[in-house]
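Pasting the structures here.
The following pair of complexes shares a single chain, chain A, combined with chain B in the former and chain C in the latter.
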Partner chain A sequence: MTARTTDTTTTGRAADERNWTVRLRTRLEHTVPPGQALPDRQPVYVASWIYVFGVLTLAAFLVILASGGILAIGGAQWWHTSGTGHFVNSLHLWSVELFFAFMVIHLWGKFWMAAWRGRRALTWITGAVAFLGSIGTAFTGYLTQSNFDSQWIAGQAKDGLNAVGIGAYFNVLNPGQMLLWHVALLPFVLGVLVVAHIVLVRRHGVVPPIDATEE
Partner chain B sequence: MGALNLTADSAGSYLDWGVIQISITNLLIIAGMVVLFVLAILLPFPHAQGDEAGEKDS
Partner chain C sequence: MSTVTPAQQRIPRPRTGGSYSTPRDGTPDSHGFATRPYDLVKEFVIALVVVTLATVGLSLVFSSPDEKAISMRDWAIAAPNDVVATATGELAGTTTSATYGPPYNTASDGQKLGPLPLQKWGGVRIPVDSARDLVVTPLSTGASDPALRAALGIWNSTPAARQTAWATAYADALAKAPDGDPAKVPTGDYGPVPRMAGSFLTLARGGGLEGELTSSGNFYGGDQTRSLLLLSDGAFLEDQARARHLGGDQWGMMNETGNYPGQPWMWLYTFWYQIEPFSSSDNADALVWGLMMVLSAALVLLPFIPGLRSIPRWIPVHRLIWRDYYRRHPATPTPAAPAAGSAPPPGPA
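So, the complex of A and B:
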């Protein structure tokens, strides 16, 4: 009876390994060490203002997503003509300004801390690519304003993008294409990069200062 | 035409060092970010002094 039970368990384990749901669940469970997904304690070296700028960037990003969602509901005529539309439009713009300021200070801090140490190269790379993606997303936002500013910016950008040879793949003078890139494609890509970046930070821990021992 | 000139005049003042051109507004914003960066390194974090243990409550 015992041998039969063992045999059944072994067979079950083999079946589990063929099951993609089980494999994915196991992979997700091992992505971040237990208790580190939403930790309530941090190493003592994290008690510094320079470590605050990453989460400030994330907070600004959430305000951008929320205000952008409201702008999408209201539409261009609403944000150009109503008082509330102007307010939400300004909220979207200024949260982007703060997002970039916080992100650049976060970048300076991590650069001088050599934050790619301790098997954190992919964390650094996802952050750098997210920064570049943010520039593209902000740029398409300027093209989406649907005013003379966006028209002028598109006219200038067209020459620059054509000069570097990438103008054949998209057209900054096409408001429909740029609107879809700004509200769907690029936020999705940026969202995936930000989630990957945060998961990697939780997986490998916050980088210690250069003269500190890792905890 | 007068309105167009007014628009061009109010577009901002620029500093020009050869190939480097930057508006005074952008220069001030970058300077403010550098100041914020330095302050973030130098200013003590609240309650950071009393933590002797390896970890702290966040």
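So, the complex of A and C:
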């Protein structure tokens, strides 16, 4: 009898259940129903323009990451001295404006759909936290522009953050600290939240209409 | 969107290790509905192209604002009397930064959120002695003028109470002088303060003040805390900001320079500063932050808050969103007759 055959025994299955790798693989395989990570079919009730704003938000997020990546290659001061850099900064600014416009419409749409129904509370929570995190990320971007806006916004914002004790650890007057938060910490957290949000959407599917029954 | 093609094909349910039960709120499993063809990747690619083109178009048409930062030299040339008054205020301990409290010093406890001294609890983690760090040390570093060195010698060997008396007297005299002009200040017992403040203006006008404030002895000076505190202590920065409609009472927190949208997503945070009791409270920042924390928590935890989570059922915007579905399923209960299971809280996602 081969070892592989032995693994099919009760003893083998018990060993598998104790194997961390097997357990993680099983968990990942069962996170999203088969074929639903990239489905080619959707429930018939998914028929409204409001659904477009989720994917538009995701698309804008990628444009933000791409334009921000180019700005990072040029360095913190590049966009002040280069026409090309200034144009890339414009791309970064307007993609952020579009991102928020799409996200707010998406958020309102999901609110009116009561999209947290049917075990989707965590989907709503990850989306709402991503929205708040996006505000923080954009805020740190304004602080790292190293221009008049940065000076004024930093001087004003410090009072709000200091008033609740946050400013002692998150110093908006230190552009070096804010730059690292803006290009590393917050985008990473936001990226994780976005991925988790999308996985949860794919896991549970699109929320059915209120009071609908299975067909 | 594709044409609806009723199909009996069902989407597989997520496997959770056990049987898939109906949620407590009665919402049926989305995987149990009929489906139609849908090209998710194609939709995403089209969205990416559209957003990219829109971004490029907006950038080409509107560009982006980049108003040069105010340098200490700009400040000294445009508003020399303000620089002298600010330096004197730092020496007297009367500026905003000198009286701020945590995280810069212990001059006050700072703002409170009700009974909670959150600002004090944050601690003095970014210590700044406004007189020493913003004026005396920059003046001392590389001071070659014998008169200035003598003035600094007198200042440093004098008790703090006397230092404060000199600086306060000179600050009062400046405030009474026409346009705050140091040349029009009458003679008085100001000690070395006029010499120090005048030299401070000379240092700023020569462009050497930034380096003294930001380097802090480090070749790679990247922390602007001291220079921004000093600039904010003066009136020039705020005057410039208010002229651009960036003041706190001008909805300034969501604006930026030029005719650009700024941060419209900050509208609610900015709104509170425009109304009572926040607009006149000494604890406005703490109160607004506290309120926004509560509202943010409510947004995040909305699925669990009775009443709020029922608003979409009471105001049936969803009838518009899913109008095709409701048209094809006229038997679906109306919001006036909620389905069973709608009241209990949602189960864990």
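Heads up, the rule we're going with is that the second predicted complex is superposed on the first by the 202 of 215 C-alpha atoms of A that agree within 3 Å, B and C clash if a C-alpha of one lies under 4 Å from a C-alpha of the other, contacts with A are read in each partner's own complex, and residues count from 1 in each chain.
Definition applied: contacts are C-beta pairs under 8 Å (C-beta built on N, C-alpha and C of every residue); 3 or more make two chains touch, one makes a residue touch a chain.
These numbers come from a predicted model, not from an experiment.
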First (chain B), second (chain C), both or neither touched by A:43: both
Partner chain(s) touched by A:75 [first = chain B, second = chain C, both, neither]: neither
A:35 touches, of chain B and chain C: first, second, both or neither? second
Touched partner set for A:104, first chain B, second chain C, both or neither: both
First, second, both or neither for A:12, with chain B first and chain C second: neither
Comparison of chain B and chain C by chain A residues contacted: C
Partner chain in contact with A:87 - chain B first, chain C second, else both or neither: second
Which of chain B and chain C A:52 touches, first, second, both or neither: both
Common interface residues of chain A - those touching chain B in one complex and chain C in the other: 39-44, 46-48, 50, 52, 104, 109, 215
In the complex, chain A residues that touch chain C: 30-36, 38-48, 50, 52, 55-56, 58-60, 62-63, 67, 79-80, 86-87, 89-95, 97-98, 100, 104, 109, 111-114, 116-125, 128-129, 131-132, 134-135, 138-139, 142, 145-157, 159-169, 171, 173-177, 200, 203-215
Residue ranges of chain C touching chain A (in the complex, touch as defined): 1, 4, 6-7, 9, 11-17, 23, 25, 27-41, 43-44, 47-48, 50-52, 54-56, 58-59, 62-70, 100, 102-103, 110-111, 113, 118-126, 222-225, 228-229, 231-232, 237, 240-241, 246, 248, 252-253, 256-257, 260-261, 263-266, 283, 285-286, 288-290, 293, 296, 299-304, 309, 311-313, 315-318, 321-322, 324-326, 329, 332-335, 338-339, 346-349
Sites on chain A touched by chain B in the complex: 39-44, 46-50, 52-53, 101, 104-105, 108-109, 215
Of chain B, residues touching chain A in the complex: 29, 33, 36-37, 39-41, 43, 45, 47-48, 51, 53-58
